[in-house]
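A, B and C are the chain letters, set down in written order, and residue numbers restart from 1 in every chain.
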Amino acid sequence: MTQRDRAVRIARWGGVVTGLAILGLAGVYVRALVYTPVEATQGAAQKIFYVHVPAAWGALLAISVTGVLSIFYLWLKDRRIDLAAAASAEVGVAFGLVMLTTGPIWGKPIWGTWWTWDARLTSTLFLFLLFVGYLVLRDVLTDPGIRARFSSVIGILGLILVPFIHLTVYLFRTLHPAPIVLKPSAPSLPKVMLVTLLSSVAVFSLLYLGFLMQRYALGLLRELREEALASAQ
Amino acid sequence: MPPADPVIIAEGISRRFAYRPVLVDVSLTLETGEALLLVGPNGAGKTTLLRVLAGLLYPSTGHVDRRVPLGMVAHDAMLYPALTARENLRFFARLHGVNGTRVETLLELVGLMHRADDRVGTFSRGMLQRIAIARALLHEPRLLLFDEPLSGLDPAATRTLVQLLTDLRQRGTAMIIVSHQLEQLRGVGTHIARLARGRLGPKDPLAGRDPVAVFTELMREDG
Amino acid sequence: MRALLRAAWHIAVKDVAIEWRTKTAFASGLVFAVLVLAVLFFSRDPTAVASSDIAPGALWVTFTFAAMLGLNRAFLLERELHGLDGILLTPAPRAAIFWGKFAANLVFVGAIEAISLPLFVVFYDVPIWVRFGELVLVIAMATVAFVAVGTLLSAMAVRTRYAELMLPLLLLPFLVPPLVGGVQLTARLLEGRPLSDLSGWLKLIAAFDLAFVSLSATLFHVVVDE
């Protein structure tokens, strides 16, 4: 089986995973809107929570995967790792965009303002922008070897930056609701809401995987084509 | 056959730039005292090959074994325009762990003592080239890589450099010279090889033949 | 180790000498800093906000921008006649290039900061001497953070077609922790509170310095090799 065939197969499976995720997404929405009770103080606006939090999760997952893959790239120098890291960054930026749009939509009715310069929001924005920078950098570098190495550096630095940004958030006074699920004590969300949230997170993870596989296969196919074209000249 | 004493061994070097293969499976061994004239059309990969051999570029595949210190004169002078000729040479001398008297010797050798305290940024192309040659010779390398060393030099400077290269070669310094001015390099080269479309032809001993004639021959073979 | 330090020292001295001779980057960095300080003074409603309220922010925005302006310089001067290749051809360890550039950038940014600080006092009428030693410490710590990441990223940025655009794009996210920390610490110090009240921010910047100086030094060779 050639590399091209393998890439095509990954793209196909990625499509299947994405399809399943979209079905799951439909299910989660029905559950969130119909079967999960309306939150007492926040009202219907709280429903966006089931998109916002999983999108944030997806973005963070994607960015962490990019960081870890960047380390592996510098170690093993296999271009497939670099392509996977780039694919993950791109999916992460898409999820980040969802997170950054749903946040203000929730914020308007609850905080009374679209955007607050709340530290967590701000720092997420910076992280998002860093990965936009990562993609821009990839775009302006034409040599695949240099592109892979330079973007790995950004990926690794970004990974290390995440905890620092969180610490900055912690030290800065913040409006943002404190973490609700991953708290040392028992989760403070009612069980029915928690189940909805967690299944949404699971669906978004699946969606991430499906996107990642397709984007990776696409990147690989593009590389193979560029190479074939350049060699044919 | 004298005992083999290679100064550099390159094996299976390939290099791509933005997907385009620039070097394809190049292998090359150079012995002490050999001066290889590297010829080929523009865009054949000559500069890339020199940079890979020097360690300034990583090969995409393949391996370079550098066994002696090397010096290089490339298209760019590898200097700082805001510093004077002497300051530039002193800086690189320090990084090489070479003392200041060597700098004075080389300034004398390339005939730029009278401009030693002028900023390199004010120099003409030919003078930059001479300082670059001095820089490359600072640590008395046993392998020299030249990319068009005669470009920008006037006839007098050309003669001086050719004489210098001949002397160095006779003292055992190996060199690879990329040049289109083969007639001037008659006395320098011991071997000739042709690089075309990233592929290196055989290293052909000149054995007293005229490099210009051999080059014409090589071109004819290509059709 | 000694070879590394010696080579780094030579590279730093060379960079400072070049800057000393041309002074273009330094002069423009300085003028830029003064401009930012002056313009930010007017970026408020004078009837509602006292200049001392925005002073810490103005100071750190000035430092950040001035640093950013200076950082590309370090590798741009290597590009003119490809001096960096000349260094790479010597036996100097590649890490020496990082440390040399890092030191020269510290001198450059530090000098701009040293000159803007008195101007800051003049413009904003803030009592920096109340906790002067501590303030200098905070500035030094945050500057190390800026310059470490900046040295690494500018080495990458100059290799792209849009160096002046790429550096701020890549660098600013990394400046968030030291910048926010610097502003918070400066605000408290200007109020005369002791550093012991502020150990959280101080620890954050110290940890950032430690993490990013070592990371930048480690990753630097990835960026200079072609």
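Basically, contacts are C-beta pairs under 8 Å (C-beta built on N, C-alpha and C of every residue); 3 or more make two chains touch, one makes a residue touch a chain.
Everything numeric here is computed off the predicted structure, so don't read it as measured data.
**Q** Quick check for the class: compute each chain's Cα centroid; which one is farthest from the centroid of subunit A?
**A** Between subunit A and the rest, the longest centre separation is with B.
**Q** Give the identifier of the chain nearest to the protein's overall CA centre, each chain being represented by its own CA mean.
**A** C
**Q** Could you put a whole-Å number on the gap between the CA centroids of subunit A and subunit B?
**A** Spacing between the chain centres: roughly 50 Å.
**Q** State, to the nearest whole Å, the distance from the C-alpha centre of subunit B to the C-alpha centre of subunit C.
**A** For subunit B versus subunit C, the centre distance works out to 40 Å.
**Q** Just give me the whole-number Å value for how far the CA centre of subunit A lies from that of subunit C.
**A** The computed centroid separation for subunit A versus subunit C comes out at 31 Å.
**Q** Using the touch rule from the top of the page, what residues of subunit A touch 2 or more other chains?
**A** none
**Q** Find every residue in subunit B that makes contact with two or more other chains and list them.
**A** As it turns out, subunit B has residues touching two or more other chains at 58.
**Q** Which residues does subunit C have that touch at least 2 chains other than itself?
**A** Answer for subunit C, listing residues that touch two or more other chains: 225-226.
**Q** Please give the residue numbers of subunit B that touch subunit C in the complex, ascending.
**A** The touching residues are 51, 54-58, 69-72, 74, 76-83, 87, 91-92, 94-97, 120, 128, 135, 139.
**Q** Flag every residue of subunit B that touches subunit A in the complex, lowest number first.
**A** 16-21, 58, 60
**Q** Flag every residue of subunit A that touches subunit C in the complex, lowest number first.
**A** 74, 119, 122-123, 126-127, 129-130, 133, 136-137, 140-141, 146, 149-150, 152-154, 156-158, 160-161, 164-165, 167-168, 171-172
**Q** Quick one: which bits of subunit A touch subunit B in the complex? Just the residue numbers, please.
**A** Listed in rising order, the residues are 142-145, 223, 226-227, 229-231, 233.
**Q** Looking at the complex, which residues from subunit C come into contact with subunit A?
**A** Residues in contact with subunit A: 149, 152, 156, 159-162, 166, 169-170, 172-174, 176-177, 180-181, 184, 200-201, 204, 207-208, 211-212, 215, 219, 222-223, 225-226.
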